[in-house]
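Only one structure is covered here, and it is reproduced in the block below.
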Amino acid sequence: MLRIRRFEERCAQLYQAEKIRGFLHLYIGEEAVAVGVMEALQPDDAVVATYREHGHALARGMDPKSVMAEMYGKVEGCSRGRGGSMHLFDASTRFYGGNAIVGGGLPLAVGLALADRLEDRKRVTAVFFGEGAVAEGEFHESMNLAALWHLPVLFCCENNLYAMGTALGRSESQTRMTLKAASYEMSAWEVDGMDVVAVEEAARRAVESVRSGGGPHFLEFRTYRFRAHSMFDPELYRSKEEVETWKERDPIDLLDERLTIDGILTGEERAAMEDEVAEEVEAAVAFAEAGTWEPVEELTRFVYSEVGR
Amino acid sequence: MTDVMTKTRTITYREAVREAIREAMQQDDRVFLMGEDVGRYGGCYAVSKGLLEEFGPERVRDTPLSESAFVGAGIGAALGGMRPIVEVMTVNFSLLALDQIVNNAALYLHMSGGQFNVPLVIRMATGAGRQVGAQHSHSLEGWYAHIPGIRVVTPATVEDARWMLPTALSDPDPVIIFEHSGLYNSEGELPEPGGPVDIVSSRVRQAGSDVSLITYGGNLPKALAAAEDLATVGVSAEVLDLRVLRPLDTEAILASVGATHHAVIIDEGWKTAGISAEIAACIAEQAVWELDAPIRRVCSAEVPIPYARHMEEAALPQVSAIVAAAREIVG
Amino acid sequence: MLRIRRFEERCAQLYQAEKIRGFLHLYIGEEAVAVGVMEALQPDDAVVATYREHGHALARGMDPKSVMAEMYGKVEGCSRGRGGSMHLFDASTRFYGGNAIVGGGLPLAVGLALADRLEDRKRVTAVFFGEGAVAEGEFHESMNLAALWHLPVLFCCENNLYAMGTALGRSESQTRMTLKAASYEMSAWEVDGMDVVAVEEAARRAVESVRSGGGPHFLEFRTYRFRAHSMFDPELYRSKEEVETWKERDPIDLLDERLTIDGILTGEERAAMEDEVAEEVEAAVAFAEAGTWEPVEELTRFVYSEVGR
Amino acid sequence: MTDVMTKTRTITYREAVREAIREAMQQDDRVFLMGEDVGRYGGCYAVSKGLLEEFGPERVRDTPLSESAFVGAGIGAALGGMRPIVEVMTVNFSLLALDQIVNNAALYLHMSGGQFNVPLVIRMATGAGRQVGAQHSHSLEGWYAHIPGIRVVTPATVEDARWMLPTALSDPDPVIIFEHSGLYNSEGELPEPGGPVDIVSSRVRQAGSDVSLITYGGNLPKALAAAEDLATVGVSAEVLDLRVLRPLDTEAILASVGATHHAVIIDEGWKTAGISAEIAACIAEQAVWELDAPIRRVCSAEVPIPYARHMEEAALPQVSAIVAAAREIVG
């Protein structure tokens, strides 16, 4: 979590410095969700995420260097600099993006799971989406297909209470996500998304059940976005107080406390972690800075495949 | 249309498509068919009749009415190593799946820097002419041809209906196959033994020297009929079947027009900004001095397709209109 | 109901005779639903239906003559012969079609209701759709919008157990429609769609509540299609027995029985009804036969409006 | 660009659109604005900022992420007598609403025999150039221009941004307004007092005699810049701003090409079967003998638009490419 936090804090600076352009959506405050869920996945499981996916990419084990280089638009980036912040991809960790259409990744997850089922592979596909995506038809269709066909999909709803400036209550007539899952006959739990231990625990139970043929599961993670929706958001739709209250449940602080109280983490160790992470982040920045630009002549590469035809 | 020396077999377009699907599923376990009513109902055009019995419900998969999700699931399954054949009942309903096709299938390879190709085949019926009204009579092939990252093919003969599919399935990228609903009952001669055909080049279905009739899919029969009529009045028409709308075989278009110096483009889609416009534009850019007369386009009238037969006929390209356009410019 | 039944039986003949072309979807067996619901509506309420809408059009009070002429493709038809069986329209009864895209009429109904709400009109919009449409994203989005905005929409789900050849159990992971409505916080009832009295009673209660500001309601009508999906359907997906069992609950027979038992309807009256209806139907056919073809020159009329620009 | 005699006021494109919406809502109670984050957020491009406070949540209506339903609801509300302005955040997301636009909005009037017109205005941001990646950089104006029954307008100046809306709202049929996201911050001179402008004709933004630069929307500034550059090398370029993509003002296109005998078409959309193809086709059909040189099209490369700035710039039409194309054919 710390790595993600510091990585993104740096991204925000780099955006101001115009090293990173386009849209930048920070995950700060929600780190426990991605970290906890990824802990519960196996290397050959698949992940589908949204445009707010830096945390998922790093937690999934992607190299911070290639992620930072991607945001710089360098060819050393995980998508050759073609995707940017919203379109991180990595075949080696089965990270299928980085999808910037709200709800657009859900059908893909259903299909990835269908492939595993048809090939009798015991793999799980975890798909992340915000509570705002629940209003999209693609959510509904995907939930029904996954449940109807009993596919190994883990639906991870990151309920941070807002879709851009639209509060959940102005987006859903029924705000209890688990009831929606029930209407598809899918088992669903509500989880404290600020408590990484709770997230991992819930994810493990769900993943186990999905992997052993229990059909898709739906997890609603109650979380909160500490920063603006993107770098262009004046945040007219919520109060400073609300944000501050949530910050009191900062997932990193919560874990720190717990580990300190349990005597698992000493002050020195904690400080060492900071140093280590800071080094990693700076190494990533250095890597990105040193990166090169994809030759313009390659613009037309990969519109269609180069091999196999 | 087919080489007279080879043995041939008479077969309907529908049977040809079915044989192609069956063979593909027999030869490759990764291939499966998914779509609305492809199984128990036997396909709304009876194309997949019998396949459920042969391959079972896992591989001949009836889907709920969820075009976006099952097309997207096809993309995901392709990413997961399968070779899905997704049937969208008709192009009219594909409007509900365009986000998945345009924002995922077409973009994933480029956007991921070459990491994720999508070996997906989507089949859909297209076209009008059966009095099914405006919402069920779209011809949006031109729309699909606009999108980089996908291939668009339009089998017009039983041979292409039978042999484009294996080529499409062996392609690493998304291929959209448009089957004109008016062709399913048509019979044709299938060369024996046949084999996969390319999905990059067009074909001259009838050689001619005075005018090029450029078309594809469901309007090929109309163009051939027009060529016959033109012959009776001493006009030798060449009929070019595009076969593939993306990428367009511009070389062949330019070659034909370069030889005949007259071009009539026939398209059941609307004229404005359709595929007919692209063909005309290619000629205007690359062969304008070859033209002895302005280009003519015979397309559907720019109206929603009406139900009443006489009105629908008036809205669609007809042989008489093709003949008139050709005679006008050949003069 | 009798009028609809005989009208459609005649349509089937006329289809064989090639007087009617294109797609023809018969409502035979489901008449009680449209008839019962329309009884509960006011003249200035709005109706949105599907491609299986002959019954709705007639029950709504559209002239059988103009409906039959439409199926003939004559300019005297309710859509000038441009729509055919699937696209019946009538401004005077606020009948907004006749929509042949499954689920496509649902958002329109939401919008019609929104207009009434914005203009403070106490009108109701009733929208009909099959259980197959429930799998479409447009259903989900429309239910949520109507419930979220508390709009005067009456959702009428005609659950005839099949979507073409797809049985409900192969289309929905959760087959209880009312649970779906619940997931949108919308009140919903299951109704015996073969009993016109039950249908009307439920519809009246629902319409009253919707009209008085109770928000949208969802009614699931349990019914059955006695005929093939369309004229091209070999019906491989269901057994003759199943069809026969359902025919024992033919809505017309059920009403006949009840009325006879209650002594409300005598044999003579019943016979007289048949004669009356037969006359009406033949008058409609005669009208259609005598109808004229829209001049081809008018093909381009009404692509854009002729007035008001 | 605007008549030098009239008083003018400097204003941004964003402010012009906002003023247009505000005035329309003040003057007609049937007008309301509906879309994602148009209210509390103030619009993703800050266009509707302040309108919620002025008109309240009923008339400045935030919608859930349900493009198909709220666009369809706009159609229904229009059928119900309202004059909705539906904002689809960007054209990229409109793919999810195409079924409603193409199968309902565009067809209802014709299909109902003239009974049900749909007085709906849909606004959407379009275009690339801001490094937001392939899924957020589409330019699908050409797709919409293909559909009979709707009107497609592309305001490129602050005057059109300010004054096309009232005309669109008074139109009895669906009008789609494309606002290029790159224009919102641009400033321009708004004539005072202004008034509604037509949505049927194009405008010559700069007169010239050697070559016609035909474009619209976000690429008008590039075409004007190219014209300046061309002037420095003695080439007099005429810049035609189409303003309306459906119906196309073909007369003006033919008149301009008839005068300059050279045509360069600039379009941020992909070339194949886009609006640029239609313009070229019209010339090839109706003015081919007027041409002293082949037509040239400067469009986006046929690739998904990449994130990296240098790659994105390489993918999009640039002033240098327009100049090069013009010089090549003017020779």
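The letters A, B, C and D name the chains in turn, as written, and every chain counts its residues from 1.
The criterion applied here is as follows: a contact is a pair of C-beta atoms (placed from the backbone, for glycine too) under 8 Å apart; a residue touches a chain by one contact, two chains touch by 3 or more.
Not measured: the values here are computed from a predicted model.
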| item | value |
| --- | --- |
| Label of the chain whose CA centroid is most distant from the centroid of chain C | A |
| Where chain A and chain B are represented by their mean Cα positions, the distance between them in whole Å | 40 |
| Length of the line joining the C-alpha centres of chain A and chain D, rounded to whole Å | 35 |
| Separation of mean Cα positions, chain D and chain B [Å, integer] | 31 |
| For chain D, residues contacting two or more additional chains | 64, 66, 68-69, 92, 96, 99, 103, 110-111, 133-135, 148-149, 302-304, 306 |
| Of all residues in chain C, the ones touching two or more other chains | 79, 81-83, 87, 99, 101, 104, 135-138, 141, 144, 148, 170-172, 303 |
| Contact graph of the chains (line, ring, star, complete, other) | complete |
| Sites on chain A touched by chain B in the complex | 46, 77-83, 87, 89-91, 96-97, 99, 101, 104, 106-116, 118-119, 137-138, 141-142, 144-145, 148, 301-309 |
| Contact set on chain B toward chain D in their complex | 68, 92, 95-96, 98-99, 102-103, 106-107, 110-111, 133-135, 138, 142-143, 145-149, 246, 248, 269-270, 272-278, 280-281, 283-286, 288-289, 291, 294-297, 302-304, 306 |
| Touching residues on chain A, where the partner in the complex is chain C | 135-141, 143-144, 147-148, 170-174, 179-180, 182-186 |
| Interface residues, chain A side, partner chain D - complex | 21-23, 73-74, 79, 81-84, 86-87, 99-104, 132-133, 135-138, 163-167, 170-172, 232-234, 236-237, 293-294, 296, 299-300, 303 |
| Chain A-facing residues of chain D, complex | 36-37, 39-42, 44, 46, 62, 64-69, 92-93, 96, 130-136, 301-304, 306-311, 314-315 |
